[in-house]
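Every chain is named by a letter (A, B and C) in the order it is written, and numbering of its residues begins at 1.
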C-alpha cells in the first residue's frame, strides 16, 4: 500500500499523468465536437494514426515542429472532410463510414511510410518538443517537476478551455449544440445543418490528428505502426464518461491517464512480479468499458447523435 | 370585400408549382397577403398546404413560380433569406432543441456565428412575451415545457426576428379549444400591430373565427378564394372536399360484457409527457370507446399499455374478468387484442419489407411457420387476401410497402390486425393524414368490427371524429381519465373544458 | 442538396453504380501505383497473377479467403440486425484459444475436431454475449465495447503464449504448443495445400443463407435490423433476437480462428490474424451482407491481399496498397449502394 502512496505523491508520477493525458484530451475534444454536432466519428483511431505519421514525417523532412503540428492537423481535416461528406449530406451509416475512414487512414499511413522509407528497419527519430521553462513556475520544488511539460501539452489544455468557451458562450457553440439535438431547429432558424455538421467533423478531426501528432512530436519522437494502440476508442469512451461536456471529459482523461501512469509504475513493484504485465496493459481498456457501464444510464446523449438529416424528408 | 382590401401587399405567391416524383403537390398556386390580414389556407390532408408553405419558407425549391415579399422576389431554397425578409414560420412539428433554454432557442441563428452575443436579447424576449400575451420563462429548458408553451416559444422566435409575416401550420392541432382561443387573441394583437398572418388549417370553425379571407386548396390546386364574412362552413366544406362530405356515423347499440379493464393503472411521467394517473377504463363488447384529448396528455402511455408495449407501474389489467399476469405485444396479440398503431411508418410497418413480409409481421410465428421454418407460400396467399379484401392498391404482394400511399398502407395494417378476428381493437389515430375516401373506409371497418361484437378503443385528437363514432367518450388530461360520457350527452365545448383539465377537480372523488 | 428516394430504381442503376464503385477503386489502385513509381497496368497485372496466376497462388488465395468467409459471415449476420459487432478479431482469437486448449492432448478422442469446433463457437458466442447484454440492458454502444475487447483479447493471448500455453520447444518465440495430429483439419485433396476449413466455410455460408431466408429467426433478424420499433410492436422479442444474432455471429467469427489453427498453422501465435476480423467488415459490406455473396467477396479480397504481396516483391509498391484499396472499396461501395436508392436533387 505504501508503495502506491509513494507513487501518488511523487512529482514524476504527476508529470507522467499530464503527459499521458495530453493526446487523450486533444482527441477527446475532437470527438466531443463531432458528437455534439450529432456525428459519431469512428474515424478517430485512424485519424490519430495519420496525424502521428504526418506530423512526424513533416518534421523529418525538415519542417519546424509547429509546422509538423499544422501538417498533422491538415491531414486530419482532410479525413474529416471525407468522413463528413459521406455521413452528413449523404447520410451514410456513421458506423460503417467511420470504420472505413479508420481503415483508410491507417493504411494510408502505412503505405506512405513504406513508400518514403522503403529500406528502413527501425524508424528514424526526430528532435521532439522540449519541456517549456516557465520562469518562477518551473523553479518550484514539486510543481516545477510535475508541470515540466511541452508546449503541445499546454496547448491541449488551452484547446479544451477554448472548446468549452465556444460551445457555451458563443453563437457558434449554441448552433453546434442545437444541431446535435434537433437539426430541424437549426434549419428553421436559417442556419445550414450540413455546414455546421461538416465543419464540426472537420475541425474535430483536425484536433484528433494533433492528438496523434503529440505521440510522435512530443512523447516518442518516432513513428511506429501500432503506436496509437486503441487510444482513439478510449477517447470515444471518455466522451461518454464526460457526459459530452468538455470539463468533465478533461477530468476523465486525467483520471484515465492517472490509472495508466499508475499501472506502468505498479509493474515495477512486487505486484508486478506476481501479476502478468498484460493485465496492467489491459487496464485502460477494461477501465474504458467500466466507464461506459457506469455512465450508461446517466449520460445526456445529444438527441440526434447518429441520426442523419435530410431536409426533404417527407 | 374585407377591410384590408386596399392595404399594402406584403406577400405574393405567383403560380407556384412543385412535384415530388409523379405527385404534383402544388399546381400553379397563387396567393396574396395584405398588411394586417389573416388569410386561412384550407384543405384536406395532402392538399398541398404544407408543401406550399415550405416553398415560401425556403425548405423546398419550387419547380416553377415566384415568391415576392414586400415586392421583392425571394431567392428560392433559402430559409435565411425568408427570415431576413420578415417571414416567420411556426411549424406543425415544432423545431426546437430540447436541451437548450427558451432564450437560446429564440436567439439561435440570429447573430453571425463568428461574433459574440450582443446584450439585450433577454429584455427583448421579455418585452415581446408581455406585448403579445405569450407567457414563458426565458431560462426554462425547452425539453421541460408543455406543448402549449412550446408553441409560444415558436411564435416568439418569429417575433424576435421582427417577422412581418407569420405562417402558422395547423397551430391548433395540439391545443385545447380554450388554448386555441388564447392563441387567437395573440394573433389579433399581432394583426392590430400590422403583422400579416397565414393560418393553415382543415378545421372550418377556426377558419371562420380567425380569418378574413380563405384560400381553399384541393389536390394541389386553388379551388376557391372567399371572404369569410361572405360564406359559411357548409360552402367551405364543399369546396374543400369537392362535393358532399359523407363520413360514416355509428348508430347506438346495446353494449355487451366488459372485455378489457384497466384498474387504477399508473405509469411514471416521461420528461414533459405525463404518465397515467390511476386510470380506470372498461372496454365493452359491441361498443366504440372514444378517447379525446390534446396531444401529449397521456394517450400515448395508455395506448402502450393496451398494446402490450408497456407494463403498468401500478394497477392491473384484466381481460374478460381475469387479471393478466404477463403482458407484452406478443401476449396482447395472443389474447385477441388487435392494434392499429399511431405511427404507421415507424411502428406499423417496415419500409423496406414487401407487403407479404409486412402482412405476416404479427402472425409469422403462429400462423405462417412450423417449428421455426417459414411458410412463405401461405404468407403470400395471406397478403394477397388482404390486398383483395381491403382493396389495397399496389402492383402486388412483392411491392415494398414504402411505395404505398398512406391510405393503402393503413388498409394493409388494418387487414393484418383484423385477420385473426380480434375481440379487442386499439385504433390509435387511425385516420390521421389520410384522404377523405380512406378515412371513410377505415372508419367504416371500425364500425363493422363493433357491430360484430368487438370492443374498440378509438384514440384521436380530432374531436369531431371522436364524437361521430364513439358510443362512450372519455377525455384525457395530464394523464387523468374522465368518466365515460354516453353518446350525445356532451357538447364539444364541455368536452373542451375536460380537455383543458378544468373539470377534473370535482370528479376525483367520484 | 437533398436526397430523393427513387421508387423503382432501374436495373442499370442497381448494377451500374456498384460496378462504377469497383471501377473507381481500380482507378485509385492505378493512381497509387503511379505514386509508388510503378507502371499502373503492370501493377494491376502483377496483383492479378499473384492472386490467380498459378495453382499455388490460387490455393494461397483460397486459404487466405477461409477465415475471411467466417469473419465476413459473422459481420454480415450481425449487421443485418444492426448489431455492430466490430469484435470479430477478438472472437477469432477466442476460437483459436479453444482449438489449442482442446487440441494439444487434453482431449484424445476421435471426436476432438467437432468438439473443439463446438467449444470454439461457444467461446466466440460468449465473448459477444457481454457487449450485446450491455447494449440491450444498459444501452451501452456495442461498437466501442467490442473494439475494446479486441485489445484485451490480444493481451490475453500474449499472456497465454508466454505462460500457460507456451511451447517449450519454441526457442523464445511466443507460440503455443502444436496441435496433435488428430486435432488437425485434413486437406481436402491429398497433396494440395487447402484444408477442410475452406469447405466448412462454404457450408457455413449456405447454412446462414438458409437461416436468413427460410426460418423465423432469419425473418426476425431482418425485421429487428430494419425497424426495431415495428418489430417490437409486432410482438417480436427484440432483445432475444439480438442475443441469438450475437451468439451466431460470435460463433462464426470464432470458427475463423479455430480453422486457422486446426487447418493452417497447427499452433497459436500473436500474428495468427493480420486483422481478419476488421477485413471481415469489408468482405461483408462488399457482399451487401448476403451470405453467399460473402464467399465471393472474401475470395476477391483475399486475392487482392495475396496478389499485392506478390506485386510488392516485384514492383516495389508497398503491400499496404491492398489495405488502402479495401478501405476505398468499402467507402465507394456504401456510397454506390445509397445512390441506387436515392438521387441527389437541388432544393
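As a working rule, a residue touches a chain if its C-beta (ideal position, glycine included) is under 8 Å from a C-beta of that chain, and two chains touch if they have at least 3 such contacts.
All of these numbers come straight from a predicted model, not from anything done at the bench.
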Q. More contacting C-beta pairs: A-C or A-B?
A. A-C
Q) Hey, which chain ends up farthest from chain C, C-alpha centres compared? A) B
Q) Using the average of all C-alpha atoms in each chain as its centre, how far is it in Å between chain B and chain C? A) 47
Q) Roughly how many whole angstrom separate the Cα centroids of chain A and chain B? A) 45
(Q) What's the distance between the Cα centroids of chain A and chain C, rounded to whole Å? (A) 28
Q: Give the residues of chain A that touch two or more other chains, as numbers and ranges in rising order.
A: 311-312
Q) Residues of chain B touching 2+ other chains? A) 20, 60
Q.
I need the residues of chain C touching at least two other chains; which ones are they?
A. 4
(Q) So in the complex, the part of chain C that touches chain B is made up of which residues? (A) 4-5, 7-8, 214-219, 222-223, 226-227, 229-237, 346-347
**Q.** chain A residues touching chain C - in the complex, by the definition given at the top
**A.** 42, 82, 86, 89-93, 95-97, 99-101, 103-104, 106-108, 110-111, 114-115, 118, 229-230, 233-234, 236-237, 240, 276, 278-279, 281-282, 285-286, 288-289, 292-293, 296-297, 310-312
Q | Partner chain C, residues of chain B touching it in the complex | A | 20-21, 60-61, 76-77, 307-309, 328-333, 339, 341, 346-353, 357, 361-362, 364-365, 369, 372-374, 402-403
Q. Can you list the chain B residues touching chain A in their complex?
A. 20, 59-60, 79-80, 82-84, 89, 91, 93, 95-100, 104-105, 107-117, 157
Q | Of chain A, residues touching chain B in the complex | A | 169-172, 174-175, 177-178, 181-182, 184-191, 300, 302-303, 311-312, 314
